[in-house]
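One chain, chain A, appears in both complexes that follow, with chain B as partner in the first and chain C in the second.
Let's turn to the complex of A and B:
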């Protein structure tokens, strides 16, 4: 076309390895290397550049999960190993993100169970894992260390570091060679600040995934989109402190009013559309990892990504 | 009527039942510290009721006191009403303390060319053959002795009425005082005999906290004395907004009276020191912020504190001092500096005049920091200005152990990297009572360099050191153990304090960046940073750069002009040509409203990092921090 799809940009996104196969020191069936882009999403001409990774979010205590998902998935939600297995074999996800919702119980102290859960999920699926730790600063350190330990060698992605609490998660990630999700509240500067903080305590660039926080469609998503765009533009223009892959998880999608109050007959459809639209837009803004909770969203996203990356099979497995 | 007796001074005052103790104290002449303007918000006006009946909501305001304090009768003076005769103990900490006030302006040589001059004349009495009128005779005499042309001098009626008696009584020997006012020359006074040597003028910095007066001998061109004083309006609220609200509620007259009283007190002190008569002061030049000068002139400032923030008047004003109640010659002139906007007032125009940035080709950045900050960027061809709220943190407000620059305030501090023990000095070398602005800036820089805090100001609680602990709600760093302090309590800085400080510094830095962006220049093109105001004089320039309060341009390029407002007022008092340029300067300065500037929030957020999210703006600081970290490891 005679058109420079790199726009003269000098920066490129850091490559982050997610998951480790046997030859890489882990037990995963597959591993991914995301990042490396030199231009905007879906413009890359380089062969082998992959579509965004579609991740199914699951949890180890479904009482904190949307009934839309638990109803759809059925009994498996009570067994994280089975759920993770289905994510890979039935729903066709690229990755599994496990929320340790069990730690949200008041006065939770059974740290050992965290290790057991992670081991169960690791044996349930061959996909790389993202682990979401506790929400409670008091037990953060123990939970993250346990996560790190249980998944040693698996190159997991640990979440979620914020400007107010990043030391314990970073310590666990560094000790056991995992990567870190760095979340900031929809602001390019705050995203950069957190990356600098992580860098300064020793987390290397290729172990950070930016989570600019995703507001749901209709509930602030446009801000998230703009933040993602700005992060990516800054990165491509050469700002190394923002040149990391982006993760998007519009976790509120299933609880927005429009989904909650829709007719039971179309509830699933609305929920899936809500997740799909958000996820697709985020991918176009630059997100490399798209998290969803409803299994039916996965094939829709995969089809859409496929149509945007001609000549390639969608997904990391391509 | 009830009698309230204030201890320990045993000052008595009669007030109506139902008046507040604060009201009584103010009427008794006690300067109570009221940061919030008497709204029960700041908890600074603590007094102890020793005997008598009062009404005070202990539930509502209990958070300001310990149980022990409540048991001893502690209450807030502003929220406690008098129900019977009372004895009230006022602790020293509740009174406004003597502050370190900056009175030495920039030592600049100013060409002496004042606007007021005296002319001694010896006239020929009129005769049948020379029947020209008294006035013509007088004006010709003045012209002959080097004064302006007779026909150019205007003589007000009050002076005219006195001419015949004075001339005849003193046998045609008299001294006329001629002032150059915007309308031209004006004969403002006539005195018997030769008083030409008795001609004085006062340059006044009317600050919202302090007032500084320089008294000049306008005959010889020398400063004869300097005096400073608190702005007594503080008793109506510490910040400007509180005072405007006070004026809205209680009328402007009290604030106007307090402003003139404060100026008069300073002028009186200066006159007494110099041994001169206040009647011989013929000119008073006042530089103050826009609200202050409005209040002084008795112009309602109520509309200035709401959108769209429009002042009543911008240009310089000259009025007779007698109309404002300034204690000097009643026919003397009061010259009030022009302003750029609500937020860029005469004090800033005075700063510009003092540092001379409006005459230079090189680009300068002028920063005046107080509770509010003002920033001016430019040179002789263009100037941009903006103003904003820095919050009180840099002056010690909103910081648990923050305090003004009073005796006992920690003003300098360094931290030992290995032990994390601080080394500090206090004002007047007293036992520490708190930390003032300069100490807080040092502290922030030192905590950063010793890795106690990260770049967002969060304390690394993982460090095993007794000085780092988690207090009531926030992690904190102990600066002084109880035994070292004046009040037997650990002096700490909390993570929340640090957050407030970072927000303050971020707004200043973001304002600088916004103006630089507006002008399309980078920090490399700024030749000089001028720090105006008391604050700039005491702060450590290197530490101010390390925390990113100001752009990094090199410590040797930062100049403290000290009290630029009074220096500017001095210049305008003694040099009429410079005074004439003031209105032009004010017109030349473009005001940028930060609220309307969409990029400001972005600049602000990126500045809420130590020193800044864009580390390339602070290359030297980055090197310093890197070397600190290496030393730490």
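Let's turn to the complex of A and C:
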């Protein structure tokens, strides 16, 4: 096209391993190494460069989930093992992200069930896992200890660390060799600060994934996009504290007004389009992991990424 | 009384001769780290005599290594420890334990060895360790002593009985060695890394009770190399062991290792949150008040040595709330004493300023102004709920500890309500205020090599970088150089970073290589140069928070200032808000600069553009506000008549009026070298 694609960048994004196969000490069918970029996404025609990983988000208590998804998926949402299995075999996701919504019940105390759920999901799918722990600081310590333990050896990705609340996740990641999602509220400096805090506590650079916080399209996504761009530019210019892969999950996509108020007949279509457009934009801004909740969004993203990545259709595996 | 030095020598000798007799093979189950101390130090897996002797000599006859090998051999012979003792602890348990340390649910580790003089002593020490979130390991006769005092033992109680002899204390070290390898990135054999980790990261203390044998003394003393303080109750003399009383042995140990208990709840009968900060307590809602011109009142925060204050202590001298008449004004002195390893005298005024916020956090307490001008009220509602003067002290003591955990180890508060005693104490406070003023007044940009940045506003002004110097506070006026320095020390990864100013590029404009380098990086490559003292060439970027805007007026060859409070049009033809919209957002706009009010009074003000003689206009209200100090400064600089020559909206509302006015008063700017 005649553009000069040499920007004189010196930095590269850290490589993070997600999932571990049998030979790597885990039980996953496949594992991924994401990161390693030296330029912006979809510019380089380098063999082996992977397109973003598409992750299906599921949960262990569907009461806290969008009815659009639970209606579409049906009964399987009551069995997280089955849901995870379908994510791999039916919906074609690259990874599964399990939200432990069961811990959101008031006065939740059945910590042992967290371990059981994770084991069920691990046996339901051979894909690498992302685990989202509790929403309640009081039980963080116990929940993350259990998460770390239950997935020992599996190189899971644990979420979500924030500036005021990262110690338990960091401890679980360090004790059981998992990686950490570090979330900051759409701000490049706060993202960097959190990464430094994690580094100080002992989490190594290749175990951190940045979550810049993703607003949904039309509801703040432009701020997220700008924050992601700035994070990635700083990283490529050589700021090691920002040179980590990015994860995006625009969870508000299914609850925006336009989706909520659409005609029942096209509700799914609108929801999927909203997720798709947000996810595609996030990938273009540089995200390596795109999370969605509606299974129908997955093939759309897959096709779009394929058209942007010559000779490369599937995620980490193809 | 045991002489440590003497015992140490003999103990080392007998460990050495015991090592000579080591035979057979031995190993622990449930670990991937062999004999963890030996493995961490040398990278060698010890299971027999040859490896034992090799490691012992490689570590220069280290008594920790010797004890570890002797105990491993003994364990292999005698079999596993029986309950309640744990003996060697498996890796899986250590992993959980390391988790709790990183996670913060355990603050640190303690080892108690030896024989307590009474069951009560050991029980009291253990209770204090439990209360302070320490995980305590026990070895030797201290275990049965605690059991007979009815103390429950086990992981759930954070009291772990390792074994029946003090020698089992070696497991304390093998646990730390494994934590270092699992969590600290220490590779087996990297002795230097291990020692650094143990000294800097492992929060561990050792309490040595009486009755240790010479070998056991050698073992315990060996732990000093890991940076653990060895504390005793005075039965040991000589050596580097520290003597303390049963009451302060835990506190002393924790302070020596910098282990801090974080305060999470404030024990007072009213809410306490920043949410209440903005409320006011009107006269009719007020139960009592202090100061505000109605009674003498002041506040003072001072630094003390750690030993001089008792953390959390609150003392009220004089009448309590119940003997005060409703609606009355009473005398009050708030005296806060703080101690901390990294605390410095320079921080006193900055911390003292927080009293204002903290008192206002109270649902029923209110505070305005500072120093000896304070005005404090307590509401009827709060007093009805049981709030007393004492609770204000508790609130302050807790909040200071909560908000400055890295800086402060101990905070005590004294509240005086006795009129005469308040007046007496105020004399000392006034002396301190004067001393502080003199110190700040004396600070010049040339006196320091480091300035501080502020990028707090990058959330909305993405490329803005404030450079804060002693003479040029942040453009918002809220952060002085000292504030920046303290903020950095308290939060090293935060928005205030040190800037080495580096070689001078242009002394007059205040341009430095180091500052330029920093600004380029912090502005994400957008801004290459920054002159600290010029509005015209490479001025600092502006976020949007500036107290004032300084801008050039080419028609009159001068510079005007407008402050945020001024609502009218300025001679530039624009209002403050129009100007702010033009220059804000992180841009560098030659001819315009956002500044703080304090900067106007500094010697550096407009230095690059010809000095304060360039100043031709500012709003009357700002002029009035600065008058007392500005008049004095101008007199000192031999420009006694300049103050009256600076126009305001009453003397010159438009640029035409301003030209006429400046000519009439013969303003010096007219004769200066052209601005553009």
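Keep in mind that, in the parts below, the second predicted complex is superposed on the first by the 313 of 318 C-alpha atoms of A that agree within 3 Å, B and C clash if a C-alpha of one lies under 4 Å from a C-alpha of the other, contacts with A are read in each partner's own complex, and residues count from 1 in each chain.
Heads up, the rule we're going with is that a residue touches a chain if its C-beta (ideal position, glycine included) is under 8 Å from a C-beta of that chain, and two chains touch if they have at least 3 such contacts.
Because the structure is a prediction, the values reported are computed rather than measured.
Look at chain A after the overlay: chain B and chain C clash there. Contacts of A:107 after superposition: neither chain B nor chain C is touched.
When chain B and chain C are set side by side, the one touching more residues of chain A is C.
Look at A:4: by the touch rule set out above, it reaches neither chain B nor chain C.
In the superposed model, A:237 makes contact with chain C only, not with chain B.
Looking at the shared chain after the overlay, A:75 reaches neither chain B nor chain C. Of the two partner chains placed around the shared chain by superposition, chain C is the only one that A:148 touches, whereas chain B remains out of contact. In the superposed pair of complexes, A:164 makes contact with chain B only, with no contact to chain C. Within the superposed three-chain model, A:261 lies out of touch with both chain B and chain C [touch as defined at top].
When both complexes are overlaid on chain A, the residue A:189 reaches chain B and chain C alike.
Contact with chain C, but none with chain B, is seen for A:172 once the two complexes are overlaid on the shared chain. None of the stretches 7-15, 43-51 or 349-357 of chain C clash with chain B in the superposition except 349-357.
Residues 167, 187-189, 192-193, 196-197, 200-201 of chain A contact both chain B in one complex and chain C in the other. Those residues of chain A that touch chain C in the shared complex are 141, 144-145, 148-149, 167-168, 170-172, 174-176, 187-189, 192-193, 196-197, 200-202, 204, 226, 230, 233-234, 237. Across the interface of their complex, chain A is touched by residues 95-96, 98-105, 182-185, 455, 458-459, 462, 493-495, 524-525 of chain C.
Chain B meets chain A in the complex at residues 454-456, 458, 460, 462, 602, 605-606, 608-609, 613, 615, 629.
Residues 163-164, 167, 187-190, 192-193, 196-197, 200-201 of chain A touch chain B in their complex.
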